[in-house]
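What follows is subunit A paired twice: with subunit B in the first complex and subunit C in the second.
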Partner chain A sequence: MIIIGERINGMFNDIGEAIKNQDPTAIQEWAVKQLEAGANYLDANVGPAVEDSPEVMKWLVEVIQDEVDAPVCIDTTNVDAMEAALEVHKGTAMINSVTAEPSKLEAILPLVKEYEAEVIGLAMDKTGVPKDSATRTAKAMEIVANVDAHGIPMEDLYVDPLILPVNVAQDHAPEVLETIKQVKLLADPAPKTVLGLSNVSQNCTNMGLINRTFLVMAMAAGLDAAIMEANDQEMLDSIATAEIILNNDIYCDSFLKQFRK
Partner chain B sequence: MAVEMLKEKWKGQVTEVVIGATEEDGGTRTSTVTVGGEAALPFLDFEGEIPNKPVVAYEVFDEEPEGWAEPLVEAWEDVYSDPVAWAKKCEDEGAELIALRLVSADPAGQDRSPEEVAQTVKDVLEAVGVPLMVLGCEDAEKDNEVLKAVAEVAEGENLLIGVAEEDNYKTIAGACMIHNHTLIAQSPVDMNIAKQLNILLTDLGVKEDRIVIDPLLSSLGYGLEYSYSVMERIRLSALRGDKMLSMPMIAFAGKEAWRVKEPNTSVEENPQWGEQENRGVMWETFTASTVLQSGANILVMRHPQAAKNVQSLSDDLMADNS
Partner chain C sequence: MGLTGLEIYKKLPQTNCGECGSPTCLAFAMQLAEGKAELSECPDVSDEAKAALDAASKPPIATVTVGAGNYEREIGGETELFRHDKTFFNETGVAVAVSDEEDVAAKVEQINALSFERVGQDIEVDMIAVTNDSGDADTFVEAVQTVADNSERSLILVTEDSATMEAALDIVADQNPLLYAATADNYEAMTELAKDNECPLAVKGEDLDSLAELTKKVDYEDLVIDSGARGTSEVLRDQTVIRRLCIKKKFRPVGFPTITFTTKEDPQEEVMQASTYITKYAGIVVLSNTVELAEMLSLLTVRQNIYTDPRVPVTVEPNKVYEVGEPDENSPIFITTNFSLSYYSVEGDVSASKEPAYIIPIDTDGTSVLTAWAADKFGGAKIGEILTEEMDIEDMVDHRKLIISGYVAVISGKLEEASGWDVIVGPRESSGIPNFISNRWESELNE
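This part shows the complex of A and B:
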């Protein structure tokens, strides 16, 4: 399971303040904290407080990688900001994200290819989030075909089938699980799959329980990665256990502790 | 039509382990043995580096062996009442590593004291230049005392000492750490226990490059396939990046092969099986060469001809396939 830590996002007050004041302290603290918990990538999103400009995104990637040696998941819809961040990023970056819209694919995939980055492809286009699994899978296929046409290795694509909150869009969750299964059949080697996990429990009670239950179900369907709260200990226990039950890790009595190493 | 070679991209690698120490490193060995380091499945050097060849160790007892099959007696009877002469003969035969089994410490047998057997280890160290593996008498309580004494008198030699088990590892592991030796971690054909034991050992402070996994081999015809698949899964886990299953593996092929019926039965008793000499050597050779394919890094052998067969097969398999 690839864990993409979600915490460096301007939507959280401490990070929003830090970005506004150009003070890297809180950002770097969260970078370290998430990696220590087991995150493999750090999502970076400037949030609503400041303009999503190339300068801010570039600054954010630089302050993170000044402190830690980890790949950043560059979370922006601004193509210029993506490019500015890719220019300064060390190692293999992840772009978050592209959709199946032709104009976006044409603008973003050349950058992914040029910087040998990885990319998250949202299974949607400008008409919005599809209702059913078949439409989601069709959108994923459009992204798969374009990724292939640009000569990007299929393993570098992470398809996000888009989960919605279970209180207001309850019928989406099973469709998302089915989409994960279908996406794994679209190419050989298969594209990877990813979820913005916390969405499933937005404005619900028992958010942690909903998140980790859904994640285990999604892992059983073939999920490879999640943008999630990396410091949720119960979540990590659930992932470790699911990895054992899926026979991805060899069981040992210390499997929970071992997963955190 | 062009055919593209399929190459697996592994992210992990087997840990490299050194046995023995030359004068430079504080020992008295004239050579050392390095095993592990593979970044691909056994001998598939077209998809990853295979830096070290598997090593064949010759087994030596510290007392005259009892009840050995005729072919083994013929091969060693001129030296087998004297461990020093026996070890020297192994070195002459081309052994790169000698496995000294301290059978005489067995409380049910001679019950020699830790000091006495430790002296034998010293004598063998003085007589030969190759690195030494030292194995207990398989009585857990006695071995704790014996191997502790051995670790102490051979400080700096970087012996390969065995065996530590899940329910008995602290004393031996402690002695190895204090006196700078490498350790054999044995698990009963069970990769879950193999992994757990390595976690316990590393938690205690044993370095990852000071552990060799003994997954416990079974002989050809007596469960070899269980050991084979456990070893294969251990190796796959190492290549997938599981650090706690990344250590090199040892297989006691001689001990296991020669304790079953087939190598021990004369042609008179079982004419349909053919000559005993050839049958015994082949039984050991095939037991060892099979696990060579599942990732064994050290093969502990008894019959010199079987040892040579396996050495020659391993040399052939190490030829460049890239």
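This part shows the complex of A and C:
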């Protein structure tokens, strides 16, 4: 399971303040903390407090990588900001995200190719989030075909089938699980799959429980990665357990500990 | 697995004409991948696309039959890169080469003797490759005749001269020999011979590329392939590439079982080389110098073990008495199950005790003591019934004592009732057996 730590996001007050004041302290603290917990990537989103400009995104990537040696998941809809961040990023970055809209694909995929980055493809277009699995899969297929046409390795694509909160869009969750299964059949080698996990429990009670239960179900369907709270220990226990039950990791009595190494 | 949506899409005409009923070629590709549409609905479909779909519906590696009668065997038909992922299905054919320049009858006699019984199964060399080293057709035919007269083993006819091959086929075509080999120079004549006689045909390339080119030209399905590599590392590489291309990429031109040849002259080295080929996907391995059973046995054992189905527990023959050392009327009797891990754990620890004993593995469908007990296959009544009705253990010993594992102490009462023997609850782990025998058995015996 590839864990993309979600915490460096301007919608959290401490990060929002840090970005506004150009003070890297909180950002760098969270970078270290998430990696120590087991995150593989650090999502970086400037949030609603400041303008999503190339300068801010670039600064954010730089202050993160000044502190830690880890790839950043560049989370923005602004193509200029993506490019500015890619220019300064060290190692293999992840772009979050592109949709199946032709204009987006044409603007973003050449960047992904040029910088040898990875990319998250949202299974939607400008008409919004599809309701059923078949439409989600069709949107994913459009992204898959374009990624292939741009000469980007299929393993570098992470398809996000888009989970919605279970309290208001309950019928979406099973469709998302089915989409994860279908996406794995679209190409060989298969594209990877990713979820913005915390979305499933927005404004629900027992958010942690909902998150980790859904993640285990999604892993059983073939999920490869999640943007999630990397410091949620119960979540990590659930992932470690699922990896054992899926026969991805070899069992040992100390599997919870081994998973964190 | 069928073709992926992307693979189909790339082979579609990309016209987006909509005549198939789907709005775009991409959408049609997805319908095809899900089995909801037929390729024939596309008006502009190419032969390439048809071939790709055809390839997807076939197994990755063809199954080819070599030989006839007792030694007929299927090779190929494999689906795995690693045996623990499922199993390897068709055992590698092990052949020994006989040159038409040596004493054919004498070597055939040696090959016929390469047969052994191991864990209840006959394992043996099952093919003979007759090689046309003389370059002379009559000599070759005579050698083939001698082999056919003296052995039932499947034949591999090794000559690249089609006239010589034809002459040999005149006498042994009904034995379904493997014709070795079609090359870039002779493949048309060889393919005709294979077709006319309905025999499997080996295709030999200079390397993987030329091999794939050649199999595309050969209009025949019963093929066995040889990349031409002879060094161990080169064969290992080619065997791996071929297996991966078949299974991972559905690459049809190499979707056939393979034939490999050893090159080492020293039998020990030859057996090591052949073992490598058996573990790495060879359909047939041809040796030249290993004709002693002591040397060949290790290779045949490797084959038997590698092709054992890992999903099925390995068992020992149940409900019979096994003797460890030379037990007598005062030796202990251990009861265990016929799961080979259980049996051999007990056997190993009894041996370690240096005291002779009897072991009786009960038929539990190859499950361990606790598994069998939980599944009601190792109950006292059942074991008692087997011991009294199916076996003759009374005459073996003067005492009337059976030893069971400490883990199933709970069955001792029922077992005593059903068997009429005293039941001693032994140690839980078989590692406690040596200690049990040296410290407790004598007092138990005299009780």
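A few comments on the model shown:
The rule is simple: the second predicted complex is superposed on the first by the 261 of 261 C-alpha atoms of A that agree within 3 Å, B and C clash if a C-alpha of one lies under 4 Å from a C-alpha of the other, contacts with A are read in each partner's own complex, and residues count from 1 in each chain.
Methods note: contacts are C-beta pairs under 8 Å (C-beta built on N, C-alpha and C of every residue); 3 or more make two chains touch, one makes a residue touch a chain.
Nothing here was measured: the structure is a model prediction, and the numbers come from that model.
Contact with neither subunit B nor subunit C is seen for A:A49 once the two complexes are overlaid on the shared chain. With both structures placed on the common chain, the touch criterion links A:V79 to neither subunit B nor subunit C. Touch criterion not met for A:V32: it reaches neither subunit B nor subunit C.
Look at A:Y251: by the touch rule set out above, it reaches subunit B but stays clear of subunit C.
By the touch criterion defined above, A:V88 lies against neither subunit B nor subunit C after alignment on the C-alpha atoms of chain A. When the shared chain is aligned, subunit C comes close enough to touch A:A138, but subunit B does not.
Using the contact criterion defined above for the overlaid structures, shared-chain residue A:L185 touches subunit C, although it does not reach subunit B. Touched by subunit B in one complex and by subunit C in the other is not one residue of subunit A.
Those residues of subunit A whose C-beta lies close enough to touch subunit B in the complex are 249-254, 257-258, 261. The part of subunit B that touches subunit A in the complex is made up of residues 191-193, 195-196, 199, 233, 237, 242-245.
Across the interface of their complex, subunit C is touched by residues 137-138, 141-142, 144-145, 148, 154, 185-188, 190 of subunit A. By the touch criterion given at the top, residues 1, 4-7, 9-10, 26-27, 29-30, 33, 248 of subunit C touch subunit A in their complex.
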